[in-house]
Structures are given as structure tokens and as C-alpha cells.
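Quick one: the structure is below, questions incoming.
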Amino acid sequence: MIELGKKVVVTGVPGVGKTTVINGAMERLAAEDIAYKAVNFGTFMFEVAQKENLAADRDEMRRLDKAVQKRLQQAAASGIAAMSGDANIIVDTHSSVKTPAGFLAGLPEWVLRELMPDIVVLVETDPDQILMRRLSDASRTRDMEGSRAIAEHQEFNRAVSAAYAMYSGCTVRIVRNENFLLEQGIDDLVSVLR
Amino acid sequence: MIELGKKVVVTGVPGVGKTTVINGAMERLAAEDIAYKAVNFGTFMFEVAQKENLAADRDEMRRLDKAVQKRLQQAAASGIAAMSGDANIIVDTHSSVKTPAGFLAGLPEWVLRELMPDIVVLVETDPDQILMRRLSDASRTRDMEGSRAIAEHQEFNRAVSAAYAMYSGCTVRIVRNENFLLEQGIDDLVSVLR
Amino acid sequence: MIELGKKVVVTGVPGVGKTTVINGAMERLAAEDIAYKAVNFGTFMFEVAQKENLAADRDEMRRLDKAVQKRLQQAAASGIAAMSGDANIIVDTHSSVKTPAGFLAGLPEWVLRELMPDIVVLVETDPDQILMRRLSDASRTRDMEGSRAIAEHQEFNRAVSAAYAMYSGCTVRIVRNENFLLEQGIDDLVSVLR
């Protein structure tokens, strides 16, 4: 039997420290000779758009027709799934994205169907901690929102991930990235990825 | 490229003031020359049932065989989707309906598949405010339930809407209709519909 | 018209007293001459695995290839659905199972599609009561978790059940099994099953 690679989707609201936790876990796993390839869904999708001469930058991609975007998402999902044929994959993306029109699912049906992830990880922490991290991150300009709105976003992420679990059979694992406890968060993610 | 009309589903538990917010938003949009047609899903479905001589009134429709109801729902969804070919549509319906057998999804898979909404709006407010509005509305007899049950219903609506987001790719937007702040609620809905 | 049997899925986290409530309800219904057959999903699935000589015990079944497990789940769902042709069925299973890799949906898409339940019941109670019941149940060794983790599990169960409602059109009914109020819980379940 051919052992296929694991497909683990790692998600979290902006400012929760998702990338820090992923990088920490990748280092730890590399030291144990467990190879994971990390792929950013948005970047991968943009590369597909570039190859097809559909967009020169990400803003252009966002302005593409809805049906074209859908096709690009599907192509990205299928490309990432193909990569897992000979590697374990971490897909760095969002459970949902907050837009002016509301929460948008990061893994809609046509993405899930192609990707069929094994695990969806939600990196979470206290909304107030997230707020403080956003306030102290001068390097990015983010639309500001209060703790209550952040809590609402995290709750929506859990709900939409439950729908992912129903549709794809993936497990949904919450990994907490608390202040002063980054190592604990990394440990948790490593235990899921190992 | 043919610009298709927006399909916006507006939902909310009984007593939250959904219709008031919709009517206010429609007026405001009309003044801006943005045309929306509002369709009540239940009414539209009943008209389909009448045309097929399946039901003379709504009670009769509710007593129809489950498979027939399903077909009627699907026909209604597909009819409404067709209307959006030359108009923006607001679909007035429920995220979920509370029945003696539990919460029933307002947009089950076979409806979503035909309708493919762009946005699902949840009109919400504090459960206690909803309770008071129901108590003071003498014009309707409603099954009474306490604030906690209303809170549970609103939470279920969020969860099931997350599933709608996964399956159809729609966004999910919460619009609050707080006491004394109706204009704010209307503003929010207008900004989504504009 | 052939009146098909009801398919009611009854779920609840370990220690909530699901089986006690089911047995109480079955007794009450038998006294009213309403016949229900109770099927444990895991047991039924294991019997399918045995018939196909795929597993001699449940541990072996759990170690089967993921694709084989999926096929067995689907076969079990379709077998149970067939039973409902001439009986009302209670399916005893979990909304989600807590695994080291996270929450796993008890009724993933391929199970739902075959089973198409009418109602999914969530037997719930206060997380602290569940904790105490687990602590005092010496007959089973369970992985211990605190009240907060139990609350999180129950919340995930609600969210994933909302996805079941979207996909299959089933209703989702919460039945509480509070300390000292077992009869009330049984009454509630009976009213759903009657």
C-alpha cells in the first residue's frame, strides 16, 4: 500500500501567531527527521493565476470574476493535493476571512473536495491577547476590531470547521497559542503533525 | 460579461425585526436608485405549490409528503435564482426554523445548490430584547420561549450559516438590530446590499 | 404511499447518560406500542467488517486503511437505512469523537448521504455534571478532561450537527439529561420519537 502524505491545514485569525507556531513546529519536526512542506494557499493560488496570465499581482487576482476565482481555488487545491503524493503538507490558510460582506469560508466545498485534508488545526487564543498583539504589530496595517469581534470571528471559525469535518471527514484540532506559552503551542502542533 | 444580480438571503429569529430592517434598507436603496426585489421564500414556495394544485393553503403545504416538499423547495430556489438574472434579490427566510422535532435548516443542501446565494445575513440582537418584543407584539400568537432558548436558536443559526458558507461559498454577515438603534441596523444592511 | 420508518440518531458525549435516556425512552414507547429498534452504529459497522473478514475485533477495525473504514461506514449507513424500511430506528452514535488529532465527525458526508436521518438528537447536560459522572464511573477507564474541554466538545457537537442539518435536512433537537431530572429527559426524547 502506498503511504500518502498527511494534509494538515493550519488556520487562525490574523495576529494569533499562526506562522510563528508553524515555523516552530517545522523546526522541531525537521530535528526529528519528519519532513513537512509548508504551502501558503493564497500564494499557491496566485502562482496558478500567474501561470495562466490571469493576474500580475494579488490585488488583480482579487478583482477577477467570481467564477474564475473559484476555478483558481479549485486548481490550487488540486495542485496541493497532488504534492501530498510524496510529502507531508502543511497548508497555511484561513478557516474564514472577514470581508465587508461577512465571513467567507477559506475552504469552500470545491476546495475541500479536491484537497480532502486529514486535519484542520485552529490556532486560537484569548481575543484580548490577539487584540494586544495586533495593536503592537506596527509592521502591518490591519482593520481594527475589538475583542468581541475577534471572539466572534474565532467562533465562526470553529463552526465553519465543523462543516469541513462533516464534508471531508477531517478532524478539527484546537491548538492554543497563549502569551508566554508559545513552546506549549508548538508542542501541541508537533504532536498533531508527528 | 453579463453582470448577474446579487442574491442576498436575510434571516433572523421571530421578533428580531427582520422585516422592519429589510423594508428600511429597501427604501434607502430605492432613494439611491439601487433596485432590489424582495422575495419571501415561503410565499414563493407556496405559489409554486398552488400552480401545481398541490396545496390550497399553507397548512396543506406543510402536510405534504416530505419528498414533495423537498421538490417544491428546490423548485422555489431555482425560480428565485432565475429571477436574479435581471435583478438584485433579497430572499426573506430563516436560517433555521424551530419545530417540535428540533431546528430545521432553512437552506438545506438542495436549496443551496439551486440558489447559490452571495450573502447570508443574520439579523440578531440581545435575546432579552427579542423576548420583550415578542411579549409586546399582541398581533401574533407565538409559542413562548425564554431568553436562553432564544439565545440557543441564534447560536444554531450562526452554526448552520457557517455550513451554508462552506457549501455555497456565500459570506455570512451579522447585522444587529438593537433597541433604539434601528437606523444603525438599516445602515449596516444597506452597506451590505449596496 | 409507503410510510417509511423514522430514522433518529441519538448522540451525546461520553458520560452524559445517552444510553440510560435511550433505554428509558424505548421502555416508555414499548408501553405505548410504538416500536423502535435501537442500533449502535459502531457495532453495526463492526459486524459488516466481520462478515467481510476484515477485522476480528474493534481494535483491528480501527487500524484498517482509511479508505476501507470509509467504505465500511458507508455500508453500515446504507444497511441501517434499509432496516428503516419496515421499522422505526434509533441510531446510537456520536456527533463527534474526540481523538488525539481532534474532533472527528460521527456522520461524515458519505454516512449522511446513505443514512439521511430525520432527526439528530443531542443529549446534553452541564459539563460539570458530566465530569462528576465520569469521575464516579469506576467501570470504565476514560481519558480525563476538565469541564472546559467537555463544554468545548458539546459546542463542537452542536456545530457539526448544524452541518448535518444543512446537508441532510434532518432536524437537530437538544434533549437535556440533568441530575435528578432523568424522567424529564426521557419525556423529551419520547416526545421526539413518538
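Order of writing sets the labels: A, B and C. Residues in every chain begin at 1.
In the analysis below, contacts are C-beta pairs under 8 Å (C-beta built on N, C-alpha and C of every residue); 3 or more make two chains touch, one makes a residue touch a chain.
Worth saying up front: this structure is predicted, and the values here are computed from it rather than measured.
Asks: So what shape is it, when you link every pair of chains that touch: line, ring, star, complete or other?
Replies: Contact map by chain: complete.
Asks: Interface overlap for chain A and chain C, more than half of numbers shared or less than half: same or different?
Replies: Homomeric contact, different residues on each side for the most part.
Asks: Taking the mean of the C-alpha atoms as each chain's centre, how many Å separate chain A from chain C?
Replies: 31
Asks: Return the residues of chain B touching two or more other chains; collapse runs of consecutive numbers into ranges.
Replies: Residues 159, 162-163, 166-167 of chain B touch two or more partner chains.
Asks: Could you list, by residue number, the parts of chain A that touch chain C in their complex?
Replies: 1, 118-121, 158-159, 161-163, 165-169, 171-174, 191-192
Asks: Touching chain A in the complex: which residues of chain C?
Replies: Listed in rising order, the residues of chain C that touch chain A are 65, 70, 96, 99-105, 107-110, 112, 152, 155-156, 159-160, 162-164, 166-167.
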